[in-house]
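One structure coming up, written as structure tokens, with questions to follow.
A, B, C, D, E and F are the chain letters, set down in written order, and residue numbers restart from 1 in every chain.
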Amino acid sequence: MTFVRPLGRPADALRPLRITRGYTRHAEGSVLIEFGQTRVLCTASVEERVPPHKKGSGEGWVTAEYGMLPRATHTRSSREAAKGKQTGRTQEIQRLIGRSLRAVFDLAALGERTITLDCDVLQADGGTRTAAITGAFVAAQDAVNQLLASGALSSNPIRDHVAAISVGIVQGTPLLDLEYVEDSACDTDMNVVMTGAGGFVEVQGTAEGVAFSRAEMGTLLDLATAGIATLVQAQKTALAQPLPAQD
Amino acid sequence: MTFVRPLGRPADALRPLRITRGYTRHAEGSVLIEFGQTRVLCTASVEERVPPHKKGSGEGWVTAEYGMLPRATHTRSSREAAKGKQTGRTQEIQRLIGRSLRAVFDLAALGERTITLDCDVLQADGGTRTAAITGAFVAAQDAVNQLLASGALSSNPIRDHVAAISVGIVQGTPLLDLEYVEDSACDTDMNVVMTGAGGFVEVQGTAEGVAFSRAEMGTLLDLATAGIATLVQAQKTALAQPLPAQD
Amino acid sequence: MTFVRPLGRPADALRPLRITRGYTRHAEGSVLIEFGQTRVLCTASVEERVPPHKKGSGEGWVTAEYGMLPRATHTRSSREAAKGKQTGRTQEIQRLIGRSLRAVFDLAALGERTITLDCDVLQADGGTRTAAITGAFVAAQDAVNQLLASGALSSNPIRDHVAAISVGIVQGTPLLDLEYVEDSACDTDMNVVMTGAGGFVEVQGTAEGVAFSRAEMGTLLDLATAGIATLVQAQKTALAQPLPAQD
Amino acid sequence: MTFVRPLGRPADALRPLRITRGYTRHAEGSVLIEFGQTRVLCTASVEERVPPHKKGSGEGWVTAEYGMLPRATHTRSSREAAKGKQTGRTQEIQRLIGRSLRAVFDLAALGERTITLDCDVLQADGGTRTAAITGAFVAAQDAVNQLLASGALSSNPIRDHVAAISVGIVQGTPLLDLEYVEDSACDTDMNVVMTGAGGFVEVQGTAEGVAFSRAEMGTLLDLATAGIATLVQAQKTALAQPLPAQD
Amino acid sequence: MTFVRPLGRPADALRPLRITRGYTRHAEGSVLIEFGQTRVLCTASVEERVPPHKKGSGEGWVTAEYGMLPRATHTRSSREAAKGKQTGRTQEIQRLIGRSLRAVFDLAALGERTITLDCDVLQADGGTRTAAITGAFVAAQDAVNQLLASGALSSNPIRDHVAAISVGIVQGTPLLDLEYVEDSACDTDMNVVMTGAGGFVEVQGTAEGVAFSRAEMGTLLDLATAGIATLVQAQKTALAQPLPAQD
Amino acid sequence: MTFVRPLGRPADALRPLRITRGYTRHAEGSVLIEFGQTRVLCTASVEERVPPHKKGSGEGWVTAEYGMLPRATHTRSSREAAKGKQTGRTQEIQRLIGRSLRAVFDLAALGERTITLDCDVLQADGGTRTAAITGAFVAAQDAVNQLLASGALSSNPIRDHVAAISVGIVQGTPLLDLEYVEDSACDTDMNVVMTGAGGFVEVQGTAEGVAFSRAEMGTLLDLATAGIATLVQAQKTALAQPLPAQD
């Protein structure tokens, strides 16, 4: 017996994916990414300075911050700014996004500047961190394109695409791209980050209920590999369009 | 000689106004309000509990929180959650929004529950606090409508509309609804909050440069009064539509 | 029917006002100001450095901090230093004091130095922020006088007086200079900051109960204008005395 | 050769001492104590509740908080509330004041209520913690007297007086009641807290420069014993007066 | 060409492993675990209460906290308690330890009590989180044994062993149990947590340099599986000894 | 009738004392000191920089930090890093350790570098601060020895030994080196810090119950003087051994 997904989605299908570039106007890159009902606004900001550990190194830095609007979720969660600190979950996620993006950046080619990727969840329905990574890549590319166009950079410091998806086992069925109700019910939850070339950047698998086997891990990685290939293709399609003009 | 506004906007004209209800799906009320390029997402969350000072009083509470995405602005500002505290400006604004909404609420009629209005600025171009108040009212009304529809409330605890606008004097010219470049250059800046019936809820006028006169204050209040009447009409028009269905 | 004030005070009368210069000995300016039972110690400290946003600008800075001793009030309130943060109310007030003082300062004439106005409430009975602004002006003038006397400044960077008063409507009666029992009961509460020349620096009116009308605002501003003229005269009288010698 | 004190004060003399009861009006006890130029406002607040570790014990609690106004000192120090934390020095001092007062209180006789002693330094010139303890005792007695007068207490929970003084060795000369210039220059600094009956409650001696000997400690304790006897007498004289009426 | 490990250690060998039970005396379980030069003190504390989300559920809770002494590392790192917050790395690790232990606990069988595992690194040389998990299991078992011995528990709530190890690829060579110099140089770093029965609880692989392939992941998981089997055996051996008597 | 100590220890006897140098390997000095069941790990870290108040002074700095593992105590205490602040007790103790060590250091001879003494309590049974001071001295000497050996220093900046012990009066009996059960029950508690030459660096006596007399203080100081002489001898013996080799 297998788990039946909402809306009859096949086990190996992504949710409807939408990538909107130029979603806000001030950032050097600004992307709204939607994995079904999950919507994350990813902006890339370029600043002509680097954190202390990179000063004088000739290298740049790429970092990320993550946030969730208080009512992005089913019930209101408290505002981190009001509580005065970020949760451990938030910190884990923003560290993951930062590492994932740096994995495809040549920091020396970027020069002594910082790209900050702000990923803010407007609406949450599972998979916010994977949507954030996938959207942040597009925002970073738009920011880099602007640096190339202005002559600030003469060559592209981005070596490859990077995208991410969640996979998991729900009631014994391996599924791609878990939405919230699936995520809450799953036995195993895995987030996978891969490059356009198909290399693994991060694999984070967690047994929520019973431990999982090597065979199950293999199945999940197969699902993720196929899903990420689709995401990378969608990134390419989105970036091939002209950036919408700001009035 | 008078100041010429961007896009040739008349001194007494509002920017293009857009109110989108049901912008996100989890909140009891969710409104994206746009004053020109300023875009604020206002959600209303209903919780069946009250803060300590209202416990056992039979009365409810209405409160607000305000935030700005780091790259809502021309240059990136640091994330309050990461710094571990809200700025004085943020606190002032969220206290203002809360007071403004409470001014039109009958807290006894609301019963022992809390409505929290989260106003998050996605894109800033001046007037974020006045847009937030104007949009939060619509979100609050949608949340109350849901309580009425479900039978949790039998009568409407909202006694009147409330809306807000900024006015100011730039290079000697009194202007309605300042956008960012005007706000940065103004001598006097005033935020006005009024009810649908035309009573004043808040008047906050500040001389940024030279002090202002009683006559100037009069002119500014006239501009604000007319502008707010238009906003209240727009709230009514928006609320007269059926709430968009969530797929 | 009109509201009868404590001690039979007329509606348009200030409370007994006392300005004591040289109240403490270390600060460049030190003033105890009393509005009836409200007592605020205002010190002006001169430091030969400026905050980052003024560095190298040739301009100085004037800023304020506000505090209330835990038992300045009828019941003890918790100590902000012990709780580890200032309330929103404290931050609002200290920002207001700072803006009000800067409104009469020529920061270029001050040179690259900072004047910090510390306003600490020893006893509270309504109107602490307006007493603080009125007293801080005198302390600032004493500090500037010391800079002029020492030759550090050759011309006075203070362009005009600044003073503040509260007005409000209690049970339908417009009143000047609200004390605590009046403030707690008022429908409308307004703080007004004006220059010696009679220009408005700040007007902050709030409807605590029912919204207020243009006519009521006019009456309140008339009351405030007269009251502030008296306060400015008292500042002048106080500053005309020789500073008491420190033993 | 011996050190010559400011104003020719003898080595074994206290500075001019002044105890003003009823200094502010809201607190159950309110005392301004002056040791020369050092001025500390000590208020005692009675609250009908106890901290968690005393709940249900039938015993009360006595605690203290200490603060220094930013410009109580020669140069401005930063405001602890603004920095968001109390220094280690502040915490040490307030813990010392609390322990000293508890040493003369019968907490069972106090009943389940808390007396909080807020000691705020208006002007500092050495010896603020000893002035605070000596003044806090008087404020505590005034608060207890009010509880006795109202019938809330039927017997006095205070078993004895408590007072404190600093002693030190400056340039080889043992001195009583160090003022700031002496304190900065001393080799050994000792704070002594004693009961009215002459028992030691706290002795805290620190070698700032060279270590001190048993003989020097003996001399310092003799000085302190005599000084504290004078302080206790002054407390008794002050408390023998009727409390000044509040208008 | 393959990487040569310090001390000639084979690629698939663990470092010398030592598990010392009863290392400190107050905790219900107290284990010093050493993976070569990495030394972590793991204590298990039993408290007869649960966090809010478990109150009234009939279930217990198992949680972990992690810390590193400031000079556990080659250069001193700042003390988290002094800085006033835990780093993102610390929070990630303690969340990982908690999840790993909960994976083998039957929280209903534990009853409404909490076991807190404090893992404090006395000396760091790579692999502190995996040592912490492996040692925390032994401490938890000792604490549970005490609850069983006292009759507080009648059956063992621990369903299986859990242990963890790091694996990685250094200069192309897959290695088991990375020490610090290897960890700093690796291209891929993976932490693996498994049960005694050989199921996966957590897999966290990160490409520090180039992305890794499915084949490499397979090799790393093989290494980890064998290493963890050895660790579980060592846990069993350690637990089979009588707990050293406390004098 | 006199108090009978645990294990029949005489009133004037120290607990078994053990000083283990080279306890961990990264720090320039690393000492585990044991006063009976109290065990404190003291590390000395040398950094080639000084805090702001010493910059450019030609002088170095010696400072200390203190911590207690959460389960060093009979019942678990909360982790300061997790709570986000150090308690007042922790701050008092680390300030005491720093002052005590600086009392025997010639900061000019140390040069512009900082020695930080981290004192972390692994197991607590009374006297942790005195053990910390006594052990930190040995760690500091080892760090200085390394600077002398490397030629970074040409002469020893340490002028004398420093050590510390607690004394107290329990049920009328003066005792040396209180352990936890004695400390909890004592009427008077005194911590004494002395140099090798027998001078007093700190004396901190507190009446927990009844106030103490001059005669009692004399007896306690006699006990402490003898105890510290023994501790200094033990420091010398420990330092006379070769430092254990690190494998």
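One rule holds for everything that comes next: a residue touches a chain if its C-beta (ideal position, glycine included) is under 8 Å from a C-beta of that chain, and two chains touch if they have at least 3 such contacts.
None of these values were measured; they are calculated from a predicted model.
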| item | value |
| --- | --- |
| Touching both subunit B and subunit D (chains) | C |
| Between subunit D and subunit E, centroid-to-centroid distance (C-alpha), Å | 51 |
| Rounded Å distance, subunit C centre to subunit E centre (Cα mean) | 59 |
| Mean-CA-position distance for subunit B and subunit A (Å) | 32 |
| In subunit A, residues with contacts to at least two other chains | 84-85 |
| Graph class of chain-chain contacts, one of line, ring, star, complete, other | ring |
| Round-the-ring chain order [start: subunit D; next: subunit F] | D, F, E, A, B, C |
| Complex contacts: residues of subunit C adjacent to subunit D | 24-27, 30, 37, 39, 41, 43, 45, 47, 65, 67, 69-76, 79-82, 84-86, 90, 116, 118, 120, 122-124 |
| Subunit D residues within the subunit F interface of the complex | 85, 88-89, 91-92, 94-95, 99, 103, 190, 194-195, 197, 199-207, 210-214, 217, 221 |
